[in-house]
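Please read the structure below before turning to the comments.
Labels for the chains are A, B and C, by order of writing; each one numbers its residues from 1.
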Amino acid sequence: MRRLHPFTLLAIAGALPALAWTLPAPWGGLATAVLAFALTLTPGASPRLPVFRTALVTAAPFWVFLLLLHDVASTVAIGLRITTMVASFVWLMAALAPSRLVEAMVAAGWGASVAYLFAATLSAVPLLRARARRIVDAQRCRGLSPRGGVASRLRALRALALPLVLSALHEVDERALALETRGLVPGVRRTPLAPPPDSALQRIGRWGLVTVCAAALVWRVTWSG
Amino acid sequence: MVRLTLDRVTFWYPATKAPALRDVSLDVAAGEVVALVGTVGAGTSTLLLVAADLAPRVIGGRLEGRVHFEAPEEASGGRRIVLPTPWTQVSGMAFTVWDEVAFGPANLGWSREEIARHVDRALAKLGIAHLASREPAALSGGELQRVMIAGILAMDPGLLLLDEPTAELDPAGARILWQLVRELARGGAGVLVATSDSDAIPEFADRVIWLELGRVAAAGAPALVADEALCAAELGTTVADTWRMAGLAAPYPATVADAVRRWPAR
Amino acid sequence: MAGSLTPALRLETVSFSYGVVRALVDVSLALAPGERVALLGRNGAGKSTLMRLITGLIQPAGGTVWVGDWDTRHRTPEALARSGRVGCVFQHAEQQLFGRTVRDDVSFGPRVAGVPAPEATRRVERALRALELERHAEEHPYDLPPAFRKLAALAGAFALEPALLVLDEPTSGLDRALRMRVTRALLERSVAGVTVLVITHDLTFAAETVERALVLDSGRLMLDGPLPALLGDAARLESLGLALPPVAALSAALGLPGRPTRQVDAARALARVAAGRPVP
């Protein structure tokens, strides 16, 4: 799956939630949710089991909230749709390398700085996670307990979140300078280093997904609305 | 020929009243290594940002005086700066060190062959060819600092601006870097480097500029790092400072070799 | 509290691996109260792993780590810190600050350790004074240059007043005046009975600050002895991936009596030899 063109990955991750919300509940949502979870287990979305588990754990709380607010039928209907969104997104994060997306966008004629902005949002997650772990370690060695009652948990959250945000904000300026000096300026024509291989089949597949989504929407609006 | 000239430059950061640089004049020519020394807050980093055309153009603020940079048409890279903290300079767009180093050259729109040639050469110069396929996020501070320097070298700069380039390096890594700086100057580049490693300055610098509270306090030959006033400001070399502490007469020796020459056999 | 005879830190045949990579192999050592020690070695020699073991962030795969009279295996990092047995500062500590002011951040440790307010205030003031940060106490940490933020992080560990201080590269990014400030502060803590362990590449700083050297290479403790003796042995230094610092190089090159490795001692020897007086 990882070998697919980034645009194809995006198309799949976009089409599943779109279909989940347009197809009739609960069977439409069930089908897309099953497909999305199947994706998290495909080779390439490595490591496989953690991706599946992350998707499951992230989707679970939504079900609890929905059950508190709605009856069982709506909970199942909306829950399956949200689960599809969550699982598709988690899978996309695992399967799509930001650098490949940038290469693909550059090869498709996008400006490098626009492509960077898009991809930086994706790549920020693992960087922030690594830094958060370092900060938690440092604060524990200053006596901060990540366990305990509400008050101590709130204090722990503050001791993690504040330095994370403050140091990140502080570094934004420096990052901008570094990118500038490394030639990432608006309007630059960047050389694609290793443009991800695309194929006619994948292009047809992408357009096919868009067509299916559009058809599903038209069908829902005109016939079963 | 590459040449950077600052003529009576005063610079204010945005929303500040006191200037960070006051009336600074200097020039750096091709083939020359100029060292900037100063205590924390003296303005060496600011001066490098001005020299890199990042202040005020990108970070804002106000500049009086004149900054002039001339480079021949073919000096593709122009002037480039390596900032002191490597982790803020990683593009985050590369899964391997090789791609990270290629990030800058790719933005210059060079052909892929040209990019590959420059990247391989820069990796070899920094002694990190063995890291080429590693993931940048998994590197140590010292390794990452070398990668970031390679990333700028690969852009073939005419004027190289370095801010504390050895901060994360171990002594062996620092020695290699200072040798590289010399080699780059021999290859025709101009280098302006801010460093707190005074002991290394006599090895690599052609000239030294001492900044104090944003002003040029003194400028001259590398022997300046053995100057009495510089030692008093904690900026002299360890050897010169030891000489001064012993109450021996100035001029002080800058290096161990100087000291041996000055020390009659007893 | 640990009595004065209990080592502040004791490692008994400690081993640790990351998967198949052996980071530490059978390391044994003991640090007495008030001792000042440098942990030296190349990048990747196992120094950071040792620090994580001492702070309780990881547990040894084999052997035992004693911090004071506590076996780290049964303790959390926060309990070790709160008990006053160990205080540590990681390499990029300037990224850990979150107080509204420097003073607020420095007081974090004593506050969570449950130190009564008047005593906590005294400790914070002592820590700020030790690192000469009083002038910056009311400033926001992120308004300060990184070098001062680093000192603020050191002050945070000082304020815990632990029996053992473990510092990772405390001088990186500092100029010489600030490095000497750190040296003075550590000497002062040591006189008060605090054991100081610094991980550093900066042998000039080590020569001024510590008396004993531990050298790790490929996870093994290759050397444990007086630092001046190590600095007098250029070949040994080279083989361990270390470079001769300027003062030791000067002493050797000029044949200064006693081969001093600290700057004041070298200056004194220079002055005596220059004046034609015998060196005691």
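In the analysis below, a contact is a pair of C-beta atoms (placed from the backbone, for glycine too) under 8 Å apart; a residue touches a chain by one contact, two chains touch by 3 or more.
Not measured: the values here are computed from a predicted model.
Novice: Among the other chains, which touch subunit A and subunit C together?
Specialist: Expected: B.
Novice: Where the centre means the average of the CA atoms, what chain is farthest from subunit B?
Specialist: Chain centre farthest from subunit B's centre: A.
Novice: Per the centroid of Cα atoms for each chain, what is the distance between subunit A and subunit C, given in Å?
Specialist: 43
Novice: Quick check: how many Å separate the C-alpha centres of subunit B and subunit C?
Specialist: 29
Novice: What's the distance between the Cα centroids of subunit A and subunit B, rounded to whole Å?
Specialist: Here subunit A and subunit B have centroids separated by 40 Å.
Novice: Spell out, as numbers or ranges, the residues of subunit B touching 2 or more other chains.
Specialist: 85
Novice: Which subunit C residues sit where two or more other chains touch them?
Specialist: Within subunit C, the residues that touch at least two other chains are 92.
Novice: List, in ascending order, every residue of subunit A touching at least 2 other chains.
Specialist: none
Novice: Subunit B touches which residues of subunit A in the complex?
Specialist: On the subunit A side, the touching residues are 97-99, 102, 112, 116, 119-120, 123-124, 126-127, 130, 171, 173-185, 188-193.
Novice: List the residues on subunit C that touch subunit B in their complex, please.
Specialist: 42-44, 91-92, 145-148, 172-178, 180, 201, 203-204, 241-243, 245-247, 249-250, 253-254, 263-264, 266-268, 270-271, 273-274
Novice: Along subunit B, where are the residues that touch subunit A in the complex?
Specialist: 49, 52, 54, 58-59, 80-81, 83, 85, 88-89, 91-95, 99, 102-112, 115, 137, 151-152, 155
Novice: Going by the contact rule set out above, which residues of subunit B touch subunit C in the complex?
Specialist: Contacts found on subunit B: 39-41, 84-85, 140-143, 164, 167-172, 175, 196, 198-199, 234-235, 237-239, 241-243, 245-248, 256, 259-260, 263, 266.
Novice: Given the complex with subunit A, which residues does subunit C contribute to the contact?
Specialist: These residues of subunit C touch subunit A: 52, 55, 57, 76-78, 80-82, 86-88, 90, 92-98, 108-109, 112-113, 142, 156-157, 160.
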